[in-house]
Amino acid sequence: MSSAVVEEKETGRIEAFSDGVFAIAITLLILELKVPHLPAGAPGGALAAALIEQWPSYLALVTSFFAILIMWANHHMMFGLIRRVNAPFLYANGLLLFVVTVVPFPTALLAEYFEKPAASVAAAVYGGTFVVGALAYNLVWRTAIAGRRLLRSDVSEERIDKLTRSYRVGVPLYLVATAGAFVHPAITVAICTSLSVNCIATSNRT
Amino acid sequence: MSSAVVEEKETGRIEAFSDGVFAIAITLLILELKVPHLPAGAPGGALAAALIEQWPSYLALVTSFFAILIMWANHHMMFGLIRRVNAPFLYANGLLLFVVTVVPFPTALLAEYFEKPAASVAAAVYGGTFVVGALAYNLVWRTAIAGRRLLRSDVSEERIDKLTRSYRVGVPLYLVATAGAFVHPAITVAICTSLSVNCIATSNRT
Amino acid sequence: MSSAVVEEKETGRIEAFSDGVFAIAITLLILELKVPHLPAGAPGGALAAALIEQWPSYLALVTSFFAILIMWANHHMMFGLIRRVNAPFLYANGLLLFVVTVVPFPTALLAEYFEKPAASVAAAVYGGTFVVGALAYNLVWRTAIAGRRLLRSDVSEERIDKLTRSYRVGVPLYLVATAGAFVHPAITVAICTSLSVNCIATSNRT
Amino acid sequence: MSSAVVEEKETGRIEAFSDGVFAIAITLLILELKVPHLPAGAPGGALAAALIEQWPSYLALVTSFFAILIMWANHHMMFGLIRRVNAPFLYANGLLLFVVTVVPFPTALLAEYFEKPAASVAAAVYGGTFVVGALAYNLVWRTAIAGRRLLRSDVSEERIDKLTRSYRVGVPLYLVATAGAFVHPAITVAICTSLSVNCIATSNRT
């Protein structure tokens, strides 16, 4: 078997494992959504009201779903530039996957406390998770470009620099989202959502 | 690596990710089925009765399982016509996957309230989920055929038109299923089930 | 792209989806194992005793894990003989996957009631699940061999007949395991376990 | 289809199934992390305190996540040396996957009891799980190298011996971690963590 095939296979398996983790984490989000338990004789209106009252759960679910989807799309795009993996890259990727698997927890936390006095702490934990996620992304990317050994040879220096700059922007933006939690928890959600919308809109334009 | 290979690989990874989400969502359905907790000395008859009493859970489980399976089979068939993906397609597919991951929630809701006064609201939420799912399917398909750039070149205009018409039918049918909930919740389940049975029967005939 | 490649890809995706369902169902089994909740000051001996008292859960977990693993290994082997899939095969396979996703429920039921008076009902449900699983296997296999259109051309009639006979045996054996539950629930577990052990031993010999 | 392709495909599917189990087990760890339920009017400080009080859960989560990640990386590396699979290998691999799926349970046990009197029992169960995991790894490896039939022909005797020695070391080290639980549960966690860190550091150096 030629060396090129071995390399490609190796990238393939780390991609498959990462895809699995992304797919499971994004699907587990729904487990945090609880069916409201009402007294046996409760009328339809009471169920409708109980479902509507859970709106912070839906908001948190949608925000986290699209945040993970975008992380997956970025991961997918980044791996398109990579021709082989080494151990530091594998573990940097592992750290990123750790953050991805963690997302359902701050999502449930935000949903539970969004309308309570402790909302700012919950929102700060939520924002902080994405700060760590953005840092992990930068670590994975820096490991990938270190010495250019892992990248495909046809990736230009210009493209690398552009991606390095775009990944670097994520950290301060999510830090602002986290700090904003102490002004109002909605600020965290608004920034996270608009970052996602902006990311989708930008990628749809190019 | 030739451009054709890159394209195929990209379709492959979005398929693998989608397969993961479908597979997880369809398997998570079982988590909504709870083991009945009876007093320690309860006889076998009491357990049998408690298991039989859960029949709306089994009905909801089977209905949702085959609904997701059919969505997967359609997705599988649609991707057989596609040779490359772009960002709008990726996010339209993401929206469809969102609906797929959500299905366990209305399923649990329907199971919990099917024999209670709030059943019509639960059934309407259940039907409504599939309305959104049908809309997402149409969006994915429209994104795929926009400008014909994502489709394989050997897909005829005739086939495209036939599929466009068949996807369009889903939305009004599921809307009827949703509205029917307010007459009787069994109407929603009956329509959803017969749509699935019809879909399986049709595809088995061709 | 040649027709052979398309066919292989199609088999590949139904395999990937099935693998996902098998992998998730086998991993979800652990969620039925609950950490014992003891009073805060409980000593180590009390925790050890509580863990030992859960032995029916471990037994059910191990039995179901290896039952699903063997179903996967058989599925893997069967797909090695298949070169293309059609709609009836896809839905027969879907029915089999349904049984696979259901397994965590009778497993939890058996674990909960194994030492209680209702044990025979729980064990009968457990055994019955595998009866349905064995029936689904036969349906998948019959769909695969119908008209020989889905099989690889190098699969001999002899091999087909041998497999048909071996799949047919599963149904009566699991029926005996189910009926045995009403004599003693341990009979069901013993038969299921020895069927698995026998299956592993046989395949290791050849 | 040439025999080489069939063999490779077979290895591919057992890899895909194993990847699925690893990916799901590593992602399910988060389900053991519970959102603290506080009275409705609890201030942010109370939530922060409740989150900090859960530190053994985070410690257990991180330790188990990286332990599974390393098991996956080793599995990935080992499969790179294998060109075909047989039944004994498939079931030895199944035993290893069983331990992987089990990990969320001792993780939750350790998190629940780490600061309670029963901590040493919980830590011993945790360490013991990895002893069994290390034994399973040795079994998989021994099955792979038996008669050299499953290995790629370009794997040198020297490399095989080196790997055999390195896998053998895991068992006594995890036994020490398990026994250490009865001195202090932190010893188990410290040894498990340093084994992981050492493993990552070593692989990053080579």
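Note that the chains take the letters A, B, C and D in the order they are written out, and that residue 1 is the start of every chain.
As a convention for this text, a contact is a pair of C-beta atoms (placed from the backbone, for glycine too) under 8 Å apart; a residue touches a chain by one contact, two chains touch by 3 or more.
This is a predicted model, so every value here is computed, not measured.
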Count of contact steps on the shortest path from subunit B to subunit C: 1
Proportion of interface numbers common to subunit A and subunit B (over half same, under half different): different
Rotation angle superposing subunit C onto its copy subunit D by C-alpha atoms, nearest 5 degrees: 90
Centroid-based (C-alpha) most distant chain relative to subunit B: D
Separation of mean Cα positions, subunit B and subunit A [Å, integer]: 24
Centroid distance [mean C-alpha coordinates] between subunit D and subunit B, Å: 34
Residue list for subunit B, restricted to those that touch at least two other chains: 16, 20, 23-24, 28, 31
Parts of subunit C lying in touch with subunit B, wherever the complex brings them together: 6, 9-10, 13-14, 16-17, 20-21, 23-25, 28, 31, 87-88, 90-91, 94, 97-98, 101-102, 104-105, 108-109, 112-113, 116-122, 125
Interfacial residue positions of subunit B with respect to subunit C in the complex: 15-16, 19-20, 22-24, 26-31, 33, 35, 37-38, 40-48, 51, 62, 65-66, 69, 72-73, 76, 79-80, 200, 203-204, 206
